[in-house]
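One structure coming up, written as structure tokens, with questions to follow.
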Amino acid sequence: MSKVTSMRDAVAAFVHDGDVVAIEGFTHLICFAAGHEIIRQRKRDLTLARLTPDLIYDQMVAAGTARKLVFSWLGNPGVGGLHAIRRRVEDADPAPLELEEYSHFGMVGRYTAGASNLPFFPLRSYFETDLPKANPLIRPIRSPFGEETVYAVPPLKPDVTIVHAQRADADGNTQMWGLLGCQKEAAFAADRVIVVVEELVEESVIRADPNRTVFPGLIVDAVVVEPFGAHPSYVQGAYDRDNRFYRDWDAIAREASTTQAWLDEWVYGVTGRAEYVEKLGAERVAGLRPSGEAPSGSVDYGVYK
Amino acid sequence: MSKVTSMRDAVAAFVHDGDVVAIEGFTHLICFAAGHEIIRQRKRDLTLARLTPDLIYDQMVAAGTARKLVFSWLGNPGVGGLHAIRRRVEDADPAPLELEEYSHFGMVGRYTAGASNLPFFPLRSYFETDLPKANPLIRPIRSPFGEETVYAVPPLKPDVTIVHAQRADADGNTQMWGLLGCQKEAAFAADRVIVVVEELVEESVIRADPNRTVFPGLIVDAVVVEPFGAHPSYVQGAYDRDNRFYRDWDAIAREASTTQAWLDEWVYGVTGRAEYVEKLGAERVAGLRPSGEAPSGSVDYGVYK
Amino acid sequence: MSEPRGTAASAAGAAPGAAGAAPGAVGSGLAQGAAAFSKSEMMIVAAARELAGQRVCFVGVGLPNIAVNLARLTVAPELELVYESGAYGAKPARLPLSIGDPTIVTGATAVVSMFELFSFYLQGGLVDVGFLGAAQIDRFGNINSTVIGEYEHPKTRLPGSGGACEIAINARQVFVIMRQSKRSFVERIDFRTSPGNLGGAEAAARIRREEGWLGRGPSVVVTDLGIYHFDDAGEMRLDSIHPGATLEQIRETIGWEPGVAEPLATTPAPTPEELRLIREQLDPEGAYTK
Amino acid sequence: MSEPRGTAASAAGAAPGAAGAAPGAVGSGLAQGAAAFSKSEMMIVAAARELAGQRVCFVGVGLPNIAVNLARLTVAPELELVYESGAYGAKPARLPLSIGDPTIVTGATAVVSMFELFSFYLQGGLVDVGFLGAAQIDRFGNINSTVIGEYEHPKTRLPGSGGACEIAINARQVFVIMRQSKRSFVERIDFRTSPGNLGGAEAAARIRREEGWLGRGPSVVVTDLGIYHFDDAGEMRLDSIHPGATLEQIRETIGWEPGVAEPLATTPAPTPEELRLIREQLDPEGAYTK
């Protein structure tokens, strides 16, 4: 049963106003295409969860889709701050933005607890810091063995998790390589999952290397085929991170007006990712391709009859 | 720096009387070769940890190496009981054997806590069963969020974990495919790690597919190259499970005398795995090869300069 | 059967002959127009039919394995097989002796660590049906696969939980397959390895709810003589008797007076197609069915 | 530097220019026979040298990244780079802007999920050195990378912990790299994101022991002016001053009266080989070092 659909239909069907939405991917495989479609469909009152809100949430916040962020590191990696988010946090401009803050491992633990149906996840972090004061959902827990106390974080179960990957089959069996972040945990934790891929493959490609599968179609609601859908983030083996855009965004986002102009041109002004890529231009796209191939090599699973 | 050594030297250097030893592998990749060398070196008072003690621990218990088992399922899968172990448990013949018993997930959680330096691991199991009464190390733990109580198991940190794998490089960077069991967790949890491989490969083979690496050489103390070292267990892509031996063992192990005779012939009577394989015979070995190849296919990581 | 532990057809693996008919115990069932079939074949067919409409099944070795594969070929073509060894969406080319056979890996949809399998698939609530066998079961479907006798001084040391304990708690429902005998269908089990309906349906439902279990507990027990579901009190009730079996046989092999549905159905005998699939495709050597 | 948040050269990533010298702040250091070098180059070299003998290093982006790569080429050839994004044994072919660049993956020894990285590598105690930067640091090496001002009503919202909090607790030791200024080297930090020596060495050692932390805390702070280690009371002590820097500059850019070692060493200037590696091999475009 094919779950292949368009980005427009996937977002319309599975992302609702007020949802907790996780578009995960630690620098790698961040699905900007889905974020832009959420902006175009003018979803509202979302709680956006991500370890590193990154440019995609700065854009979604600037577009007014979000009322709250759940996160662990708020910045433009290697460049600076996220200005649209900072305007709302520091100056309530144009409205306040609620923050719920953990550390990286705390967020990973939250997804893990959500995926595992556990009421909490324990970790050795937060000792002697101000984080538990800032967030009362970071709580001490006593070990039942000995006297030790560690900290616990509560499960995070997104209403919808959106994952970008190198490939999936029509049922949503998904494979990725390179940095895996916490997409697996975020997907298993979610009520609904949208997978966006560079390439739709036959089921036989997935079954040829079952150890490469990150999660099964069982938990997937929609498969969207959208090449270059992670730009300006990147896809290992397919295209590079567009660091130029990450640097450019710093200037774009410093003012509300330039931010809105950018959204008008690059999000509202295009119908979808295909048009975005066309607008980006063949030269820019070509410049982001890897300079060569680095094949993994093949291993043998053997036939056992 | 090469860690490649012989099985004899690896066991002599890294397995000590009184150690907690984990030879892991869930039906797949069980390192019988290492178990036999431990028997030959007449190690004593070991605590043997494994989810499924399987034939290898039945043999090691019969040979008098162990004083205790830590486990979750005690049997010869698909065949019946482990008779040498049962003689010691039911009849203290020739001596009692201490048992510390969990469920599969409990054992996996114990290794995970050990690998993660956590004082406990929480899981939704054991409710309304007699297991926490039988093992006081299975304890309830209250969630700091809401009223829920789940169960916790304590960390398991073997003195030495022995893992069989398809391949590693000389530094011990290890890759495997097929069923992964909980070898990763058991290895990270251990103080010392011995890796036994079918094939020693160049570092470049490992680095070509970094997502396939199960654990790094950083935690490995010795690399032993011992093809067919998992027999009668199996290695995905290399050889099949020798179900005939699993069935044969049921008769062999029913009496102490036949068990000892088998150990004399197949363990004490050979110098190591190479001789064991020779004794097994080319025909038997050939009969266990897969009937064909099932290649994973190659993926591209891309060159980024 | 020679050893009680042999009856543990749990998902953790069990003797293929054990949960099936003892050697020589060829079924006498003979429905209209149907070929002769063994008691094991009847059990397999009955269990397979119960899987109609199910999606994700946690497979034990032995009879559950063949029943599940028969279901895939008949009433449940969409059924996904999960092996606790870590294979998901397995399409075994042969019936494996153990649940960790290489044939369940090659061509599977996903192969994952046991941490992931137990955490995300089972505890995460993705498993619709878990199969359990046992050495002992009581009227409420509570199961013992640990010891006969006292725990500290066992008369017979059985395999233990394996994954059975967490399957009973986290699989959405549990199917039990085991042969009836006074030694195994008992008034009081010696050790509770896997919780069923505890002391009764009402308390069990409350405890499962309060403690946040995802599983609703046992829903069917398929034996060599009949099919039981659970009544409103949480007790096993004989709903269907296999062709050739009698109520007298049922009562002789059960340690309490079982409830019997009125009217009591007769299990439809295996169809020629079901028998053909078992004998020619799934188990041509008859390892599970003789 | 224009924004306090820019000083957070944490492992979670930071502005490359921020933890380095401000534009135009070219160092005046000139040792015997050595070429001129910038303050950033001196910081990088000093940090790299501190890595001698270390094995596993958790790499932050920016100055830590270049320092660690310089160490691999000079004093610590066996150094393994761990990126919190999940790459272990990375051999980046270029200096990445972010810590999640594809160049750290291709050719790495292992690429693992963040769960595994944080659980087994960091919390499991395999990381010898973690690098942290910060917006604010106090004399005991406690670090703020969360907010300037009140948490609920921040004057400046900084990135937050990222992995810094768990690095400070679980890495065996912590190296800090940051430029000195009265705004960043403060008597009292506004928010404690990452614990250092808390209120002093004795209490910190007791708490770390009692709570089972694997990390011993901060061991060195490398700035644009000098190198600090921690004295018996757990306070930063200036052990070495960079060539060209003065004690007056040190005191003008630090919010308390710092301890100074006697005798105070002068940091050996970058060698021509160190400068060549930085300028020709590691950062030919001068992104981190201008």
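Labels for the chains are A, B, C and D, by order of writing; each one numbers its residues from 1.
Just so it is clear, contacts are C-beta pairs under 8 Å (C-beta built on N, C-alpha and C of every residue); 3 or more make two chains touch, one makes a residue touch a chain.
These numbers come from a predicted model, not from an experiment.
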| item | value |
| --- | --- |
| Given chain A and chain D, the chains that contact each of them | B |
| Chain at maximum distance from chain D, centres defined as averaged CA atoms | C |
| Winner on C-beta contact pairs when B-D is weighed against B-C | B-C |
| Rounded Å distance between chain B and chain D, as computed from the means of their C-alpha atoms | 41 |
| Rounded Å distance between chain C and chain D, as computed from the means of their C-alpha atoms | 59 |
| Geometric centre distance via CA averages, chain B-chain A, whole Å | 37 |
| CA centroid of chain B to CA centroid of chain C, Å | 28 |
| Residues of chain B touching at least two other chains | 112, 117-119, 123-124, 148, 177-178, 180, 184-185, 208, 211, 236-237, 240, 290, 294, 301-305 |
| Sequence positions of chain C contacting 2 or more other chains | 87, 101-102, 105-107, 111-112, 119, 123, 170, 212, 214 |
| Contact pairs between chains, per stated definition | A-B, A-C, A-D, B-C, B-D |
| Complex contacts: residues of chain B adjacent to chain A | 117-124, 137, 139-141, 143-146, 148, 150, 152, 154, 166, 177-178, 180, 205, 208-209, 211-212, 236-238, 240, 290-305 |
| Interfacial residue positions of chain D with respect to chain B in the complex | 55-56, 80, 87-89, 91, 93-94, 101-103, 105-112, 116, 119-120, 123-126, 170, 212, 214 |
| In the complex, chain C residues that touch chain B | 3, 5-6, 8, 12-16, 18, 61-62, 84-87, 96-102, 105-107, 111-115, 118-119, 122-123, 146, 151, 154-166, 169-170, 191-195, 198, 207, 211-214 |
| Contacting residues of chain A [partner chain D, same complex] | 26-28, 51-52, 71-75, 77-81, 85-86, 89-90, 101-105, 108, 112, 123-131, 133-134, 148-149, 177-182, 184-185, 234, 236, 240-241, 243, 246, 290, 294 |
| Interfacial residue positions of chain A with respect to chain C in the complex | 112, 115-119, 173, 184-185, 188, 203, 206-208, 210-211, 213, 215-219, 301-305 |
